[in-house]
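Labels run A, B, C and D following the written order; every chain starts at residue 1.
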Amino acid sequence: MAQIFHRSANTLSRVTIFGAIFIAGFVLWVIGGIVRSPYVTNQGVHREQPVPFSHQHHVGGLGIDCRYCHTSVETSSFAGIPPTSTCMNCHSQIWTNAEMLAPVRESFQSGRPIVWSRVHRLPDYVHFNHSIHVTKGIGCASCHGPIDRMNLVYQASPLTMEWCLDCHRAPEKFIRPREEVFNMNYVPKNQSVLGPELVKLYGVKNKTHCSACHY
Amino acid sequence: MSKTLNYTEFRSRIGDLRGKEYWRSLEELSRSDAFDDFFQDEFPQQAIPLQKGVGRRDFMKLMGASVAMAGLSACSRPADAIVPYVNQPENFVPGKPIYFASVMPLGGVGTGVLVESHQFRPTKIEGNPEHPSSLGASDAFMQASVLGLYDPDRSQVVRKMGDTATWGDFIGAVQPLLKEAESNGASLRILTQTITSPSLGAQIQSLLALYPGMKWHQWEAVSRDNVREGSRLAFGRYLDTVYDFTAATVVVSLGSDFLGDGPGHLRYARDFMSQRRVRRNTTQSVNRLYAVESGMSSTGSVADHRIAIRPSQMEGVARAILAGLGGGGAQPQLSAEAVAKVQSLIRDLQAHRGTAVVIAGDEQPAVVHALAHAINTQLGSIGTAVRLIESIEVAPVNQLASIQELVRDMESGAVRGLIVLGGNPVFDAPADLNFTRAYEKVPFRAHLSPYYDETSLRSHWHVPETHWLETWGDLRGHDGTVSIAQPLVAPLYNGRSAYEVVGALIGGLDQASYQAVRSYWFGRGATEESWRKWLHDGVIAGSAPQPAVAAASAPPASTATTPAGGIEIELRHDPTIWDGRFANNGWLQELPKPQTKITWDNVLLVGPRTADKLGFTAEERDKLSNNLETRFAEVEYRGVSMRLPIWIVPGHAEDVATIHFGYGRELAGKVGNGVGFNTYPMRFSDALHGGSGARITMAAGPTYPVACTQEHQSIDPKVVGERGIIRSASFEAFQKNPDFAHVGQLGSRPGEHDESLYPDWDYSNNHAWAMVIDTSVCTGCNGCVIACQAENNIPIVGKEEVTREREMHWLRIDRYYRGDPDDPQVFHQPVPCMQCENAPCEPVCPVAATSHSDDGLNDMTYNRCVGTRYCSNNCPYKVRRFNFFHYADYDTPALKPMRNPDVTVRTRGVMEKCTYCVQRINKAKIEAEREGRRVRDGEVVTACQQACPTQAIVFGDMNDKTSHVAQLKAEPTNYALLAELQTRPRTTYLANIRNPNPEITPAVEPDTDHH
Amino acid sequence: MAKDEKPVHELRPESQAERIPERFIPVPTIEPGHSFSTVTDHISTIVLRKRTPIGWLLGFLFALGGVGILTISMAVLIGKGVGIWGINHPVGWGFDIINFVWWIGIGHAGTLISAILLLLRQEWRTSINRFAEAMTLFAVAAAGLYPALHTGRPWYDFWLFPYPNTMGLWPQFRSPLMWDVFAVSTYATVSALFWYVGLIPDLATLRDRANKLWVKRAYGMFALGWRGSAKHWYRYEHAYLLLAGLSTPLVLSVHTIVSFDFAVAQIPGWHATFFPPYFVAGAVFAGFAMVLTLAIPARKFFRLEDFITMKHLENMGKILLATGLIVVYAYAMEWFYGLYSGNIFETYMLKNRATGPYASMYVALWICNGLAPQLMWFKRFRTSTFWLFVVAMFVNVGMWLERFVIIPTSLHRDFLPSSWGMYHGTFWDWSFFVGSIGLFFALLFLFLRFLPMISIFEMRTMLPEAQTHPEHEEAH
Amino acid sequence: MAIGKIREGLYGVIAEFNDPQTLLTAANQARESGYTSIDAFSPFPIHGLAEAIGFHKSRLSTIVLTMGVLGGLGGFFMCWYASVIAYPLNIGGKPLNSWPAWIPIAFECAILLAALGAVLGMLALNGLPMPYHPVFNVRRFDSASRDKFFLVIQARDPKFRPEEARRFLETLGPREVTDVPW
């Protein structure tokens, strides 16, 4: 009886077996990475805007309060995108013929709205309410990141469910005094002590049941 | 002959138009999505095949599937747009709804509403608590009118001979006729429906004044002529009757469905039921209701005593009552026990002079109304429980006579032009008048209507009519109170209101409805602030007419003619699609009819005995009804013969067949086309509400599928009884033993003997949302069902799917009968999700898509659901609903803005169910949290609760012992459905308590068998 | 029929040189006169012969047709939704779960034969275990289709497996469906391993018998270089025994857990404590019926009368009878519980089964599973391939009916009469059923053609010559 | 023995027998006459053969047991962790740690891992897969999977002298004796 396989087949067979196992594991690991990557979450993706509005300049530089433009953040689920008229409050006075601002003026005259491209988007089956988070002492920066240092706004957080849960499970880690909510440069001193106090003070509950967000 | 119109053609057509009309309309057009559809769709010349939109849905399911497949892979989203205002309106908060007061017309009479508006898109209708006809309640028609507003099948352009034209063209075309009408007599006619709007009335009056040659006719298919004529017989002039059931202790309905239908029924239901909320310490007697009727009506279904008679016998009964009160002893031609009932009824009336009310139904002959007035006068109830007011109509006329005259003149050629303002006479005018033939003799025919319907098709000119949510206006409620209607949205499909048309006829093309209404009221002393207040309140305080003083004259001589024998036909408008005007409203089509639970159809309703006589045996019924089928019956009535599916209704009078009209539309729209059977051909001007002499035979041949949502074959009453589903007793029995709902083997009260091996979850430091439903006061009116549908974006599934038992309503109203099939007691039991604390549905879900919230809500997480349907199988109450196909209509752009943005639209393959309106709960909780307080009792109102006219549904926080719901839970009559399963439902029921006349049904000991 | 294959009697050696005393022949599970070589050649020829018998081709094509139907049905299902089936609101599960349970049940006989009978030293199992195990695998494959496809959104089925995800969510392990996921996947894996381990030495045989190099290589690859070393055999047998020991509790657990799908729920007709033993017995019942259904024709077609003797068939007939009686006992107990408990829902459920709209199904069930197997009391029927086949067919149908009676008939009238309904299988329900049968047979035909349907090496051990005398060892 | 390396010389000397009985006897004699690295090949398991060539115990049982225990504990832990630690949810009012519900899964996991342990363990201990092996060089070795029985004395045996081994095997009544080249 002649050999059917070459000697190398022995090594080959072992390599194949262990290789297959290794590759399978590797593929799973890669998938796990992809679904958390900006490619999927859009984290850190800059969106081109019709007007290159710079939060860095307006918030960081001029120190305009968030609520000046996002008027309904304290009262409504939706923070609100400023109408053209809000821009014109100032820009009818300054930079009145800056090239950059042409679309704003155009919109204001024609009455045709500026079409911004959305940066933060949650699926339809998630119901997020800005007002309650702001009231309970969750700072803008906690989710939106260093807006005051963003030239073009990008999505600072992954906005995945596990990310939401981080805070919903342990609000004391992120909560801040109400008066600091809109402060972009707030640095907590001793969060470990302050956090639990605020949680008690504001009566914050760990909301992890489904209908807190999904209904 | 439908022709398609391409863009260039359209350009060329509109190219040579001039005048601001055109520009204005193009601007409007180009703003609405409808404009795009306008090009894509075949030109809407109503050549739409008789499809029920199911084919379209099938297609969507495929699309939906592929979409869903795509959804599985998480891919980087393209940036989507976010469009702010240029100038944000005052007091507008993005993301928060605003409520506007307005008023909804039905049959010309208004009911006050509050409209919820998201980003200025009306999404939900609620009753206006300020309005006397509503008191905050709403009915199916009000709820469904949101869908009517966005309905993409609505007419969208002015048409001349079916081809697109402009408003300008139309006005131009009328001018010659107006010229003519200035001089020669009665050449130009307008035909309207019933009008109570003061300002529109005034407009028409001035129009008539302007053109002496113009004549005004009125026709409303759901005719109230008998009411008018009855009052004239009794009082010599047209008066309207308003009832105050809070002041009534004994009520006799002569064929009147005042609890479920007709002007003011919401108010009546509230008032009437307010007198029979039996609680632990109710001592003073509750009111009593006798219903004398043929078919089973909502009123009859909750009556303490129901006397089923043939329509022709009604006058006899009325006379007997009147005679009886006067001491006379006229005997109605009825069965012995019926006579006995009538006698004790009379004694009961006598015993309650001043607080007893007899109310006759709109369908009853004028003489019955006259008799009712006479009886009420006799009883001295006029002025107490019965109020007479001057007619709330602008120009009350005998509408039958009015349309008869019109037809006569059209035949004779005297009519040169006819402008139909609303309505669909070609479809719904009495058959014998042959309106269509006469109409087509008129050289100029214009029709204002929301749809391009049967009448429009036969008109030269068609002008799309605005929906009531799109226009200014004013209307009187059932008691005459005026409300101002304000538009919630600019006309979506560039329609025109009657105000605008009439205004344009008067002159000035731009007579906007706003000016019309405003100028009318400012002409009558309105001021800016009063105007503002009216708009805000939704009513004009004190605008109701003062009570008219009048006594009913002696009862007129009998006009009763001996019936022609045979089976008597009772013709009624359909309970859900009215006279056919709502045929294209899917919500109403799929809404189970209050008594029969049939959807998408009108059938021939007969009683069990009649069915037996016809040879439609009980066995056969059961066999067929298992598969939701029935047989055809051949109806021959005054020369008309028709095949209708036969349907048995317990309690339906013998030898009477009830037929609903309104179905069988040909040009209703994609949804309503060809649904059901057109029974108008059976409607003769001398017998609008039916007559005698019909022959009915069972037709051989194929069976007919009926989309009935509740299995209706004779359920062994023991089954319902021993399971304690319905628990009931007489008021007397209740007083003897308030605990009657907890005797026998169903002894345990909620919370009793339900120990568990497991430690209980602690909800004490949270809210504990709960609901109590009072089965005594539920009339099964369906208001809650469709309110739920509107609030929660519940899709419709179409007739085929309903016959497959796949309807999606989160809230259903179960109907059970008890006792003799010929004179049964009817029980209505609304069944939402029970929100069990030990929910059997949850542990079986493999992916935790359904779980409990901290408040003890049984959450359903759509986006996690994979659709194993295990939860539905394991739900003892079968309240879970599964999207077997892609039911939600994702493809129609027009319907998108209608949806409630606070509720996820469910996709194919996921389970859904009642959530206790969790979106409303969360909203209230967030409000409360923001203000750092606890949610107040009554702050969370579920959609069903809000709609309910009789306030049968109470919702709140059980943990708050002072809350209304907590108090009701403590009631002795409070019981849980299938409590022995240890599911610990949060929804419980108050047992049904009636107040029968001991003379008729001697008080039995509290029935332990709980049928 | 293939001509190139020599009928068995010709393969027998003329002179039987060394006569082995009768006592060494354990049981006539193999006709006398065979030797190592004849056994080996006879079975391996079936696989290695060049010409494919036309009968096989026809059968296989027929089965492929079924697979085609299945594929189309699946496409439509994914495209349109589970609404194409007859399920509705009272009845959330129909043919999908019926067929699932039916197939899983059938699978059980394979494991039982190969594992339990092995532990019980029932040597007659040897000639049918390979075949039965293959049947198990393919039945489980067919069964697996249904839970995977019955969900409303099959593309999210992977949520039923525990893996770290961006939602921070896990499956809900209280659900019997989750238990199913683990039970069925474990069952599939272990059966596959068991089957493959059993195949290794035979693959080696085929490797050595085959003529073409690529065929040798093909079999050789899966034979893993088996060379029949004594040490290998030693560990091999040890492992095989352990597997058998593991499979036994496994096979019992699988149908127990399947029965939990119902027993754990509270629908009258589902909520019963005796479901686990009832289901397991039913599974064995169904499984042996299917083994008979397949073995009887196969043995004829491939002339295996020598290896699958009447003794095998008769034993299976006895098992059919025994398990059948257990099942009937369970049916009877349902009535006892229903009536004795006095629970109104249970009582009504039974009334509805016997007299309701599906009464005919229930009667048919009693006839197929209750009456038909009673024939097995009589040797005449037990030893007639015809009657065995007939009874087996009855049982196959009966077991399907049993699941129909349990699932839709319990659901369609449960607690609230208002939400009672009816259930009817649609065209697509049937097409899925037919399709899964097609899949099963397609796989089975492939197996018959390319793998030895009888464990060759175990047959060798059956031979008289295989008996070694221990005396020698003591001698030294 | 190292696999795949090309070696010089003999792997061993092999004898072919006609029936299991002779092989068994031969193997015993070989062992008794002091050979340690011997191996026997047969088309089916022969009881006592392994002992005859001086092979006694396999570590398989321990592997299977450990795997089984690991699987069981792992399965139970997974359920407990997911329901109590990772995402505690109120499911139908049942306690977070509804341990009876974890048992089925724990059981299945135990079986699964144990079974894998048995099969993979057996293959690993047997050094399979090994498609190439010197004995396959023997001309008639393919009948080792059919009806013939072989006994090999390996060259690495300290007592191995090719001629001696050949002569010794001849004495055992073989069908034939041949060399096994590497």
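Convention: a residue touches a chain if its C-beta (ideal position, glycine included) is under 8 Å from a C-beta of that chain, and two chains touch if they have at least 3 such contacts.
It should be emphasised that the depicted structure is a prediction, and the values quoted were computed from it without experimental measurement.
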Of A-D and A-C, whichever chain pair has more C-beta contact pairs: A-D
Centre-of-Cα separation between chain D and chain A, whole angstrom: 58
Separation of mean Cα positions, chain C and chain A [Å, integer]: 54
Length of the line joining the C-alpha centres of chain B and chain D, rounded to whole Å: 80
Whole-Å gap between the CA centroids of chain A and chain B: 46
Multi-chain contact sites of chain D, meaning residues that touch two or more partners: 87, 89-92, 94, 101, 129-132, 136, 141-142
Multi-partner residues of chain C (each touching 2 or more other chains): 167-172, 174, 178, 207-208, 220, 224-225
Overlap residues in chain A, where contacts from two or more other chains coincide: 1, 4-5, 10, 13, 35, 165, 209-210
Chain-level touch network, classified as line, ring, star, complete or other: complete
Chain D-touching residues of chain A, taken from the complex the two chains share: 1-11, 13-14, 17, 165, 208-210
For the chain C and chain A complex, residues of the former touching the latter: 164-169, 207-208, 213, 216-217, 220, 224-225
Chain D - residues contacting chain B, complex: 87, 89-95, 101
Contacting residues of chain A [partner chain B, same complex]: 35, 39-40, 42, 45, 47-48, 72, 75-78, 80-86, 107-108, 111-119, 121, 123-125, 127, 129, 131-132, 135-136, 203, 205, 207, 209-212, 214-215
Touch list for chain B against partner chain D, complex: 756, 758-761, 836-843, 848, 851-854, 984
